[in-house]
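In order of appearance the chains are A, B and C, and numbering begins at 1 in each one.
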Amino acid sequence: MFEQLSLIDHHCHGVVRRDLSLTALESHLTEAAVGSFASRIGLAVRRWCAPVLDLPAHAPAEDYVDRRTALGFDEVNARFLGAAGLHALCVDTGYTPEPILSPAELGALAGGPAYEIVRLEEVAESLHGAVTAGGFPDAFRSLLDTRCTAAVGVKSIAAYRVGLGLAAERPADTEVVTAAAHWLAGPARLADPVLQRFLIWCGADLGLPVQFHVGLGDADVDMRSCDPLLLTGLIRNLRVPVMLLHNYPFHREAGYLAQVFDNVYVDVGLATHNLGDRATVLVEETLELAPFTKLLFSSDAFGLPEFYHLSAVLFRRGLASVLGSGVSEGSWTAADADRLAELVAVENATRAYGL
Amino acid sequence: MFEQLSLIDHHCHGVVRRDLSLTALESHLTEAAVGSFASRIGLAVRRWCAPVLDLPAHAPAEDYVDRRTALGFDEVNARFLGAAGLHALCVDTGYTPEPILSPAELGALAGGPAYEIVRLEEVAESLHGAVTAGGFPDAFRSLLDTRCTAAVGVKSIAAYRVGLGLAAERPADTEVVTAAAHWLAGPARLADPVLQRFLIWCGADLGLPVQFHVGLGDADVDMRSCDPLLLTGLIRNLRVPVMLLHNYPFHREAGYLAQVFDNVYVDVGLATHNLGDRATVLVEETLELAPFTKLLFSSDAFGLPEFYHLSAVLFRRGLASVLGSGVSEGSWTAADADRLAELVAVENATRAYGL
Amino acid sequence: MFEQLSLIDHHCHGVVRRDLSLTALESHLTEAAVGSFASRIGLAVRRWCAPVLDLPAHAPAEDYVDRRTALGFDEVNARFLGAAGLHALCVDTGYTPEPILSPAELGALAGGPAYEIVRLEEVAESLHGAVTAGGFPDAFRSLLDTRCTAAVGVKSIAAYRVGLGLAAERPADTEVVTAAAHWLAGPARLADPVLQRFLIWCGADLGLPVQFHVGLGDADVDMRSCDPLLLTGLIRNLRVPVMLLHNYPFHREAGYLAQVFDNVYVDVGLATHNLGDRATVLVEETLELAPFTKLLFSSDAFGLPEFYHLSAVLFRRGLASVLGSGVSEGSWTAADADRLAELVAVENATRAYGL
């Protein structure tokens, strides 16, 4: 009933411009070097992605890599972006460890518009070595304004740098200058709670939704400090949409925040494809408290184009399971289900980002 | 098999004495101003409450409000309290932001006895401006004793004021006097960890069960400090029943406490109607570790009479699903299921409160 | 399809050498004195254990105890160990509050080899009163080396003593001596974060896997400090397998660690039999992120031989449910399922411990 639902992917990244060996593919699937294909994510790739490359479902990993190489990365990227069924994309452009596709290229392959999400830390770090501490606040505000001319939102990776236990108040410029002096005397990597808050408030001052990395990440993250409840104070003060990304295993906590705060939206990106066919449970649990007006789709795809397709398929299945079983059990009508699906698939993102 | 199970609602509140507009109804359904009817709670109202007002299940929200108004609040209150199928009620009388029904009125509509639960903070705050710091400990003990003459339990909202990370020991009167001096010099709202502990111990000294708000609440709560595990030390020292209310999303943690401490009881009130038809999962997860001798029913209904009915229906369904599927899968016998249902529905509350 | 799967129980204990009254049996089932047989664990004993003693499934608890006594503990131990279907056992020998079966005796009854896991704290405490603070580091290293000659791993109960919030770095011997001086001046029970870390590093220096108690425990534990995420820093530094035991209700967090760190393995022992027939959900949730190459079976059986059998039955059912439903829903092939089952049942433990 919802197999063809077109989705807005409100948080994603570029994909690589090269062919991948089995080892390289595995290292993109999961952080650890072993077990990728003996995990739900790897099993889901074999099930859902192999057919897109003309292989039978469940083809062995070795055959999958061979076929991928035979087609070449351009074709592989095109097939998965095309198969994803996306209405539009919001691309975080702040992480480029190697050459990856631009938003425009992603949008062309996906067949829909690609908007930009500006990563706050990347903008700030571009000023390292180029400003004085005293000049940093104005320089950042000015640069962010310029960089966001065509952007629809900003992204904070405070979770990765200092954790989400941020003070609720906007820092004064004097505090920012003091913190900047300390930062500018060291390496460019920004990891300072005062500066991180300053960046967030600057994004909010532009009236843009602020995306936060929450919960699930890689081995560099301290997951204890990625609980979305840590953001409660800041959420109370910010007047723009706050987009809580990923959230697993704190997705119920995120659902609570989406229920009680008008400006909070949630997704289950990254976790969706990591959980493979089990993603349905994730959607069910998130929608316990999160209103259907507050859940969005994202893939958080990075590197592998498979993730665009896989997340979209799995999220659609999860949403269809929730909505369809609700109809069959009498929890709501089929017309209700259609309406709720539209909200989640397209309307919530359109409204929150003003697309 | 359990559709007719009569329940003791061991934690609930009064309902309002006025008709409600759509906006007012929505603001009672969820804290945030948007999305109430596009949430599980709103969808559950349309499914389960509309028929009680002679509307078809799933009637639109606008029709629902019109019908509510046409019937008038007296009739609406009577219908939902009557439909709830309650054996008895334990009413928290400490929160009255507007005129609401008294325990006696609620009991009359529900067709069962209504006992009082005295809110500790409300009693203490009634002494603000009327006592000296040095006189506070005795004055509170005396007033609480009087106020609890006919009460069956007390309630602490420490979670809302200072969080549940309370020290395990009874505070000395000298500490209490010092804290009271500070409190009496400011506004009446009590939010002091020493005083909050003192209140709890005074309730326990009367031999009364102590209810604690835990987990799920509104936008004012700091959910991080509402984890029931924070109460572990205090639980070890208190010699009266400790009633952990709500608990979601920490209901598994609450279940653990109910398993390992003889004096701990749990419920899933408030969460039950917030999760709508998904409440069954909540009951299942809570009963992973919580013995059937330790789970109670509560609605935590406040304001809307719908919540009395809705919680009772959803809790009964959840319990019936757990017990019934256990029978069909061979986990226990039908006779076991009947016995376990009686414990949860009536006997546990009767025993814990000495009703 | 997996009913006959032979399992390695990688974390278990001895069982008692005496007959048990109903009260004694109940006190072994759950920590609290009431509700044991009205809990999932007690209901599971009646279902799955009664037939092993020639009683019908669901026989009343009183009949069960009578039959147990009539058979005598030797026969009861033999039946349950034999029924468990174990390939091998790894027995933690560090907890002996009363005379219990040795690893060799357990292995003989189970029909497989029994390896030893040495409890770090027990080894250290045996030195209390027998060494000076200055001599403690070398004395412990030497004694641990000797005690581990035939052992396949070590076990830390830091969770019970100081919590899992341990610093990530190896403590210097000078720090250890200072901490030891403090400890040696008091009772033998070791509860010091520096010493506890020292013990862990000494185990790792022997190249042995380190087991950690995580999550679910009895009433003595502070569950807030048993979150496996607290071990993240230490996990990054240790170069040996880190075995996260129990984990509930933090099993999803444990699954994340198993996914992103090559050296992390997880189980759901103790929780498996505590959750009874609900254990299937526990296995499902753990395997959301944990690769099939990282999940192990353990019973954490202590005292009652029933737990060996019950855990094995429930874990097999849970794994069979995950793998079997995956086949029937098309998530993977039957050949995949067979391969994944072998990994979890035997191969992961064989590889991690070098059996």
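Here, contacts are C-beta pairs under 8 Å (C-beta built on N, C-alpha and C of every residue); 3 or more make two chains touch, one makes a residue touch a chain.
The chain list, named the UniProt way, goes like this: A, B, C = Amidohydrolase-related domain-containing protein.
Given the structure is predicted, the values throughout are model-derived calculations rather than measurements.
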Interface sides of chain A and chain C: same vs different residues, half threshold: different
Angle (degrees, nearest 5) of the CA superposition of chain A onto chain B: 120
Inter-chain centre distance, chain A versus chain C - centres from mean C-alpha coordinates, in Å: 37
Overlap residues in chain B, where contacts from two or more other chains coincide: none
Chain B partner contacts - residues on chain C that touch it in the complex: 30-36, 38-40, 43-44, 46-47, 57-58, 216, 218-219, 222-224, 248-249, 274-278, 281-282
Chain B contact footprint on chain A (complex, rising order): 227, 229-230, 232, 236, 252-253, 256, 259-262, 284-285, 287-294, 326, 329-333, 336, 340, 343
